[in-house]
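Letters A, B, C and D mark the chains in the order given here, with residues in each chain numbered from 1 onward.
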Amino acid sequence: MAPEEKAIFVKLWDKGYKINKEIDRFSTGNDYILDRALVKYDCMASIAHAKMLGKVGILSKSEVGQLERALNEIIDLDKKGRFEIKQEDEDCHTAIENYLTKKLGNVGKKIHTARSRNDQVAVALRLYYKAELAKCEKLTEQLISAFRLFGKKYGSIKMPGYTHTRKAMPSSIALWSGAFIEAMEDDLKLMKNVHDLIDQSPLGTGAGYGVPMEIDREFTAKELKFKKVQNNPIYVQNSRGKFESAIIGSLSMVMLDLNKMAQDMIVFSMPEFGYFVIPQDLTTGSSMMPQKKNPDPLEIMRANYHVINSYELQTKEIVSNLISGYNKDFQLTKEPIMRSFEIVEQSLGVAAIIVSKIKVDKKRAAEGLTNEVYATQKAYSFVKKGMPFRDAYKKAAESGK
Amino acid sequence: MAPEEKAIFVKLWDKGYKINKEIDRFSTGNDYILDRALVKYDCMASIAHAKMLGKVGILSKSEVGQLERALNEIIDLDKKGRFEIKQEDEDCHTAIENYLTKKLGNVGKKIHTARSRNDQVAVALRLYYKAELAKCEKLTEQLISAFRLFGKKYGSIKMPGYTHTRKAMPSSIALWSGAFIEAMEDDLKLMKNVHDLIDQSPLGTGAGYGVPMEIDREFTAKELKFKKVQNNPIYVQNSRGKFESAIIGSLSMVMLDLNKMAQDMIVFSMPEFGYFVIPQDLTTGSSMMPQKKNPDPLEIMRANYHVINSYELQTKEIVSNLISGYNKDFQLTKEPIMRSFEIVEQSLGVAAIIVSKIKVDKKRAAEGLTNEVYATQKAYSFVKKGMPFRDAYKKAAESGK
Amino acid sequence: MAPEEKAIFVKLWDKGYKINKEIDRFSTGNDYILDRALVKYDCMASIAHAKMLGKVGILSKSEVGQLERALNEIIDLDKKGRFEIKQEDEDCHTAIENYLTKKLGNVGKKIHTARSRNDQVAVALRLYYKAELAKCEKLTEQLISAFRLFGKKYGSIKMPGYTHTRKAMPSSIALWSGAFIEAMEDDLKLMKNVHDLIDQSPLGTGAGYGVPMEIDREFTAKELKFKKVQNNPIYVQNSRGKFESAIIGSLSMVMLDLNKMAQDMIVFSMPEFGYFVIPQDLTTGSSMMPQKKNPDPLEIMRANYHVINSYELQTKEIVSNLISGYNKDFQLTKEPIMRSFEIVEQSLGVAAIIVSKIKVDKKRAAEGLTNEVYATQKAYSFVKKGMPFRDAYKKAAESGK
Amino acid sequence: MAPEEKAIFVKLWDKGYKINKEIDRFSTGNDYILDRALVKYDCMASIAHAKMLGKVGILSKSEVGQLERALNEIIDLDKKGRFEIKQEDEDCHTAIENYLTKKLGNVGKKIHTARSRNDQVAVALRLYYKAELAKCEKLTEQLISAFRLFGKKYGSIKMPGYTHTRKAMPSSIALWSGAFIEAMEDDLKLMKNVHDLIDQSPLGTGAGYGVPMEIDREFTAKELKFKKVQNNPIYVQNSRGKFESAIIGSLSMVMLDLNKMAQDMIVFSMPEFGYFVIPQDLTTGSSMMPQKKNPDPLEIMRANYHVINSYELQTKEIVSNLISGYNKDFQLTKEPIMRSFEIVEQSLGVAAIIVSKIKVDKKRAAEGLTNEVYATQKAYSFVKKGMPFRDAYKKAAESGK
């Protein structure tokens, strides 16, 4: 018998039969890795759940205490990177219950009373989303601050404004950086709205059809600082994939702004324009061409927008055409949202570094203001003398030939 | 010379040269058709603009009056389907300015003072979005009402709840319909948030770099009942595609709920289940199989979710990797958002009809409640006698074999 | 009673009950408009089907003759734009059968023997796809020819090659245009492969489970010039959405090449580069800025790539998570593929015009070849003297500072 | 100074300045992890490259020998999991060159003569794609074999065929499994076509603009068993993202078939149907509901289709709206294609297990053949007596009420 065969698999749903190992690995997927991010939140939710079980009389005061201490222990271990989730554990929820049962015996076996892995997963994810959204909001605010500083430093510099990738009218660094500040203020609104939407406690809804005993959902919601209880148990499950895609949707808006910022910086730092100067330590080189200083981080940032969009879509489509209630397909929405948070947070952080370091070349920007960008002003000089706009436009066009 | 060659093309940007005709048709695309929906909003915005030009002294009181009357005339013509936009007009904005100039001469030529087609398009679209979002919100509320009535009528009927497409625990029509009500209440929030976000007046920002004269943007914003002025002119252009995808994103959430509703109704009205009964007049037949009564509208509704998702994505990707400022690519975001509104409004309307007509078969629903759905209750009966949950679970599993 | 109420709806599946009118409109969708493109192909397939019914003894020689004449009549009417499909017809297939029955009485009622609307739709679409793919292939070949001419005219002109949107090494128009020629030769392969894949006759598979009588599928396949019979009737239905997305997938490859061509032309025709010169009649102007000459057709072409991608995705997702056999959802795959063909054909046509008209500015291209593009050659001059490449690279980098 | 600060970063493009560390990490991304799959292929290509350099006289025979031995050493180390790529290495290409230089001194510094990291990455990926596609093809063939065995075992069993998720006509397991066999034979064609398309050697094209010395591209192409040389150096770079999405596109077709297979098995193994029986060891349980046996692997397989679709799209969009030549954005196409191969290979493997283990319940399948599925046959019995089909259809519909 191979050594791994001897390993004791203790799944939450263990009832005496063994699952085919390849199938098991396929069904588990990356959960055991992804779930590292959830250990803390699952423990927090389990503590609140244990307290509630104490309140309604299922657990004694001492049992609640034992569980709370053991769960805090796990939180500490996890902080130090020492709480392990093995592939055969399936996920963090199993690893945690197994830890409790190993440590506390019968008391551990009671933690899962009045809940299902379905609402347990949902509540841990919800807490995680709230924390990650808060991070994204903070990073967006920091990027706004970086843009404000940038605007203060360089705002008065004039540069050409473009439409259709062609010089259009006079613009300025203040106008340009102001566009991103306003854009990100809108993004913040969108993130906060989604944050507010998902701020509902799913705990206590079991597998989507409630639990066959009296519990106190308001209590756990308050303990975990949720704004409200998500009332309908079927909707708790049906909102999986929905809340995730709403979140990624809001993140994709800030990524669109970064995509545009990156494209502006890449194009306008080309030697042919020279409006922006990217410091050497933000560029990388070529393995073959000695002269190259490439704007790699901006290119990666630009590309990340598409990655986020595809993750949003993935989440939306995975949960489509399914009947109500939990479906295992939902599990696959974990990776796209976790990856999305990671990518967006990195991108926002790097964007702030770049905005704080990139320089504006006043001379080159001034040189960009060639005659053609003043054609509209010329037309308006005729308007001010009383000519109807459409005639003034034609006269200016004529004289510009 | 072919007769169409003689046609007088008067483009807003006409300055004496002719564009290649195939290129012209390609660049214009479907705008001249899609823009039928915008005529009214463009006229409303033009009236506000004319009044503002009067206020700041560019137009005389009489000129403002003439423009206002002519624009109201166009609104009336349009209401009767008699305001035509020809392909060679390019879009409604040109057709309207040409109408004004033909009718009012020099006064018509002045309407475009202090604006560009860029902010003109943006403001007309913004008004259109607000009106369409309001429609979607109202239709969602009506569907919620239909569900409430349905719940009142059939709510007390018990039926099995499913997870993993397998019978899980006892559920009820009340629980099922409540899930959709709560889901759509969340959708309403999302729509209202987006509605609030886009409620900013872009008028007065020109081509993205302001206009070279003093105007009163607060005045036009108030006239058009916008909540606020969208301040930064570059951001006005950069928000194209962004606002659209945020809107479609919110619509896709309600479509996800309809997708699930449709899938539930399709599956649970199969003769093998029989919980729902779809009245004959909501079904269609087969050209070959005489017995068939097919749930076509539910299948179309299910499919529409994917259509909306692809439109959201289209909008997001069209505006990617572009430098700041208007790019013609933006024009292509019109069709996906207009089609999205159309599809979502139809789907919501049809969903309300279906919810008001579909029936529940109490007997078949009861028959669905076979033994297995009570296994969890059995486990909990042991828990109530003091057995730790995990042991109770195993005992119930054992006895169910 | 409203006049439209009195209209005689004769659906193929009519069996005495009336469908709710809003539901009917929703289920029919745009089919009655889209199907205009299919009339010809449905008639061709119906003629082959009638001949086969004659061959196996279901129809007499005279009946086959009557049907063939009437169907050719419809083809003629359609060519002149005079064969109408009304919304209440649902689709072209119903309109055609109704025409036959009205004209030929009982003989018309026999045309649908041994087929279902499912295989009828499939065969008409398949013929349509083959014709449209052939058009796309031809247009791609024409664009390749245009590029060859362009290369002949301007090929010898040197210009800088870019990586990371930064000058890299010396390139030439020959190299640049050659890249598109090779790219499109690969596209042609992809299109031909897909063309070959879908060249299978679905006729005779009924609704997906065959027809309860002996027919000759090889005969109709040969009549319609299909390469082979698509054997399995369930697969005929299951391949809906699959073949469509494979087709759009191949089209999206040529659109990616056009997207890049457009981006190159837009960027390198900016005054800041000036390598390409877009003739005035391929540009449009601004409503406000008199000087503007915008590359609108190139921008639309660039954006079209994203539209095609979203249509491919739409098609793929619409048919997901469905059980085997026809589902009404499939109907919604018609619009994305029809629109895709339309957009790709227009784009290829316009691209050929542009390639034949755009000019290269030899002087500006030469001015682009600044010192830095020769750094690699410098490193190689050290290599040729025996220095290891990595040291030569560093020496060249050093000397370039 | 922190210890990591002291670490000697030796990038291929090192020329004496240090990159900001956060920026470095961001630009490198997961490459150093993903590249583990490429070590072998990079070494194979480097050996061919070294031989070619020997052939054209850049390297001596002994130098070629040293390089070949050292590269084979790396292949061996890698096979044992002992060739490490550190984050500061950036990617496998750097790690390999550094290894060679450390081991062989000046000889190592010569390996990069006449190539750039751009063509080096392209050739390693191309070899990897070919190997992975071959795996996918083989796994698809194995799944076809599994279906053939399944068909032999159960093919004669009759079951109802469905359209619109409603019973339609009699079908059989033979028909059902035959549909998947034919579908996958088409998938094989698509994969082989793409395999054939990408079978072009990119080696020797440098950074997209050739290398400034004479080399023998035919030689390396033959050494590496490529069908042909990919001639145009710009196209080599422009085909990045294109070839990847063509590959994922073909994989998505087989995933669509698995998606449908999974949905059929999930639905028709519900107790309400019971046609299929999923053995216990292919199911998992619930943490709360003791009776549950859930078809998790089928649900994951179903969901994987959407993941692949989003990866295809990601790849397509990442490379959009970019000018010709390499852009760093391309780097992000590595992860989606690598993940796609992994997911598709796992899914195909698991599908073969399931097809070989799932059972058909003859009795339940027969019970599914209720009266309604014979309505079409009834209509045809009238046709056989000479009644026009449309009348026969109505008569059968009437009698079925």
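Everything that follows uses one rule, which is that contacts are C-beta pairs under 8 Å (C-beta built on N, C-alpha and C of every residue); 3 or more make two chains touch, one makes a residue touch a chain.
What you see is a predicted model; the values in this text were computed from it and never measured.
Participant: Hey, which chain ends up farthest from chain A, C-alpha centres compared?
Facilitator: Result for the farthest chain: C.
Participant: Please tell me whether A-D or B-D has the greater number of C-beta pairs in contact.
Facilitator: Of A-D and B-D, more C-beta pairs in contact link A-D.
Participant: If you average the CA atoms of chain B and of chain D, how far apart do the two points sit, in angstrom?
Facilitator: Each chain reduced to its C-alpha mean, chain B and chain D end up 36 Å apart.
Participant: Using mean CA coordinates as chain centres, what's the gap between chain C and chain D in Å?
Facilitator: Chain centres of chain C and chain D, defined by C-alpha means, are spaced 25 Å apart.
Participant: Quick one: report the Å distance separating chain A from chain D, using the average Cα coordinate of each chain.
Facilitator: 27
Participant: For chain D, jot down the residues that touch at least 2 other chains.
Facilitator: Residues 14-15, 112, 118, 163-165, 168-169, 206-207, 211, 267, 285-286, 288-290, 292, 294-296, 299, 302, 306, 309, 313, 317, 320-322, 327-328, 376, 393-394, 397.
Participant: For the complex, which residues does chain D have touching chain B?
Facilitator: For this pair, the touching residues of chain D are 163-169, 266-267, 270-273, 285-286, 288-296, 299, 313, 317, 320-322, 370, 372, 375-376, 378-379, 393-394, 396-397, 400.
Participant: Mind listing the chain D positions that touch chain A in their complex?
Facilitator: Touch list, chain D to chain A: 11-15, 17-20, 22-24, 26-27, 29, 93, 112, 115-118, 120, 206-207, 211, 280-290, 292, 294-297, 299-304, 306-307, 309-311, 313-314, 317-318, 320, 327-329, 331-332, 336, 346-347, 349-350, 353-354, 357.
Participant: For a test of understanding, state which residues of chain D touch chain C in their complex under the given definition.
Facilitator: Interface residues on chain D, with respect to chain C: 14-16, 58, 97, 101, 106-107, 109-113, 118, 161-165, 168-171, 175-176, 178-183, 186, 189-190, 193, 197, 206-213, 230-235, 237-239, 241-242, 245-246, 249, 252-253, 256-257, 259-260, 263-264, 267-268, 302, 305-306, 309, 313, 316-317, 319-328, 376-377, 380, 383-384, 388-391, 393-394, 397-398.
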